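Which chain is which? They are A, B and C, in the order written, and residues in each are numbered from 1.
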Amino acid sequence: MREFETEIRSIDQIAALLNSQQSSCPGIVDSAPLPSVNSVISIIHDLRHLLFPGIHMAEGARQLVSTSNIRLQLLPIHTRLKREIARALEHSRQARLRIHRSGTDDVTATLNAAASATSITDSFLSRLPALQTILASDVAAAFNGDPAAKTQEEIVLCYPGIEAITVYRIAHELLILGVPYLPRIMTEWAHRETGIDIHPGATIGEAFFIDHGTGVVIGETCHIGSQVTLYQGVTLGAWSFPRDEDGNLIRGTKRHPTLEDRVAVYSNATILGGTTVVGAGSLIGSSVTLNRSVPPNTIVTIEKPSLKFREAA
Amino acid sequence: MREFETEIRSIDQIAALLNSQQSSCPGIVDSAPLPSVNSVISIIHDLRHLLFPGIHMAEGARQLVSTSNIRLQLLPIHTRLKREIARALEHSRQARLRIHRSGTDDVTATLNAAASATSITDSFLSRLPALQTILASDVAAAFNGDPAAKTQEEIVLCYPGIEAITVYRIAHELLILGVPYLPRIMTEWAHRETGIDIHPGATIGEAFFIDHGTGVVIGETCHIGSQVTLYQGVTLGAWSFPRDEDGNLIRGTKRHPTLEDRVAVYSNATILGGTTVVGAGSLIGSSVTLNRSVPPNTIVTIEKPSLKFREAA
Amino acid sequence: MREFETEIRSIDQIAALLNSQQSSCPGIVDSAPLPSVNSVISIIHDLRHLLFPGIHMAEGARQLVSTSNIRLQLLPIHTRLKREIARALEHSRQARLRIHRSGTDDVTATLNAAASATSITDSFLSRLPALQTILASDVAAAFNGDPAAKTQEEIVLCYPGIEAITVYRIAHELLILGVPYLPRIMTEWAHRETGIDIHPGATIGEAFFIDHGTGVVIGETCHIGSQVTLYQGVTLGAWSFPRDEDGNLIRGTKRHPTLEDRVAVYSNATILGGTTVVGAGSLIGSSVTLNRSVPPNTIVTIEKPSLKFREAA
């Protein structure tokens, strides 16, 4: 009995303490919920199911692919995506209000957010056929680039690279349409699933192939051409971060490299810097660290790595 | 109301467009479902539960380990595994039909697929005792190789290396038995869980230890001896891909290295090439890139890395 | 019918074989269950929800943050955490008994385990306000260190680095309180989620930032100061493992490096050794391998990497 009292008392004290410091926590915008991560993930699953019919199905069931069937899949996606986009727009609007104290009529603004959510959702869904076409080029590139691939179905069914690229291409469309939060939630979910971290802001051409992929990082301002291949552990990163005179980071400048068409970057290579351009058809070898541009059709490898050989004791 | 109509109209158009290009998508074999990824994953969970009794149990419950109890666990595994193997065989048979247009009597062929599924499942289950024995050697190797390991139970309970190796050993048996799809589905699931990418085609001896493991890639045609240790970020990869005169990849040649017994490869080292053999007892240091053979008992490290030191501004 | 009999017979044989070798498996302590991994993970989710109110909520729902509300969240966490701690203490006590055969009165010992579980749980929960404060410093460090970060909420919502650090800080408190199994279960779960492997035994100061993070390994005996930043693929590891005269590993010596305040380590750098100290304010460049100490304010980079350039065939 005594012990029980002690527990409760300590819990009351802890609760009071935690409450007293909540104001200093991020994420407290009392009236506007953030998007639901679980709901966003389920939308991704339904979109993949739609974009790769017959592959991502629970229990191996089959469906007849038909216009009416696809329409039945699109309607719930439309409803849920619109809701999450509206949440994201409204939450970030209120966050801006909180920071800039720039008062506007909330009712009107909320209605506007709802209206934009609808038109953004329509615009996004109308991009799905184009997304399906470019994703087919990515799957074909994986099949043509990996001797271990047995069929294109196997690639869609279980290759992490195609999963990460699919989620990136979906997230990139939403980012272009001005949706906050959702794109990064999507790509960071794919990052967890695959170990491949593609920022939704990156620009990536068709027939993109990432093999194995664990540890790949593609920065926000990368420009990647078509028919580019990356292997595991490749970093396309920033060299240094410009700051303003107050020492605050300057956000949104081009900090990450450009890879032209038909470039291949092998495992654990690192390419850094916003002005670095890897010319078309070039090949960057394993574990190379590159922070300057190279002309087209250049092969860059580590000078015969200086290794030390000795007998084990 | 108007808005609602607009939505629906656009959705109809999108559905029609998506339907019009489905034929070009991989995975459309209308009559034969693919294996169910969820079902395959649940089979893996049940097999791990069986191979490491008392460790992988929901809610920390305990069971009395007895022949009858184990039999009760085996029966549902047998049923579900047989179903997924049959799906995999039938789907790949129809995919071959579709590609090669080589007509055979479907009914007979389907019955054959079912029969092979049964005998393959029996053969696989009969390998479980041997699998349990070799996995015990892997757990012991982890305990002997990692000063941070407190008990062998802790290793089975939460080390990603042992999880990846367990799934690999299960998948490898199925691959040897000629099962399509399932082995790669299994190892890519483990890849997602652990960041360790072991192709089910690789050959790996007893007492294998992978520490930390994120970023490890072990290629399809690797040969790895017994008592080998790998650390995080190690790539056992291909040097270049031979193509036939039409420029198509030649699949199934030995493209990945051989590691003899008692080799240790430290973090982020890269070993490439199908003719590369690392001799027994050799040690390959962190971040080494190696694409030629080394004799037994060789220690390979980076020549005192040429580093540039300067004072921070 | 015949086939069915065959199946069953083979299954009986397999079951008998598996049963005959169970005694050699780890994890068989018949009377004491291990902690439940699923239950431990759900406790982590509830703790994150409590430490970052309004961010980690299913379906984007909102809550009024109040003392009574927080108290309602704390009570079930207290109950479940106490149960898992008691399981961990009792299981490891019986494992010790089994190994050392040192008999003690089980009833008394079990009661003691339950009592310690209660006091440990109380002590842990009383640390939550301090945990929330230091985690706020980690979130702020991420925002100040990443030009791609749009808001602090985005960081808590989806940055893997903050997830791994949150789980590490929770696990580290439990480790300090002498709880077996749970700390490592927690950090290995985070490792699976994020690709970031932080041993719960490591000591890490405030305002710690890990960007991207896949492949990061932080060893058990690392000492890391405040305002330190790590990028993906960084290893803070052991150089070699001392063994006693019987060749057994000596566990618990300092094997991993020390990083002083304001150190930054860029992608895929490797720092090894228990006596290696990186001085305050130093910067270790991408892909550097370092196994000796450097003074404060030193910049270490790879000597202009010797690259070989040639034209592609």
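Basically, a residue touches a chain if its C-beta (ideal position, glycine included) is under 8 Å from a C-beta of that chain, and two chains touch if they have at least 3 such contacts.
It should be emphasised that the depicted structure is a prediction, and the values quoted were computed from it without experimental measurement.
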item: C-alpha-based rotation, chain B on chain C, 0 to 180 degrees, nearest 5; value: 120
item: Copies chain B and chain A - interface residue numbers shared by over half, same or different; value: different
item: Cα-centroid distance, chain A relative to chain B, in whole angstrom; value: 25
item: Set of chain B residues in contact with two or more other chains; value: 195, 214-215, 233, 268, 287, 302
item: Chain A - residues contacting chain C, complex; value: 3, 6-7, 10-19, 21-22, 24-39, 84, 87, 92, 95, 180-181, 184-185, 188-189, 191-192, 195, 197, 199, 201, 214-215, 217, 219-220, 233, 235, 237-238, 241, 249-253, 255, 268, 270, 272, 281-283, 287-290, 294, 297-304
item: Residues of chain B defined as touching chain C within the complex; value: 50, 52-55, 57-62, 64-68, 70-71, 74-75, 78, 118, 122, 125-126, 128-129, 132-133, 136, 139, 144-148, 150-160, 193-195, 212, 214-215, 231-233, 267-268, 286-287, 302, 305-312
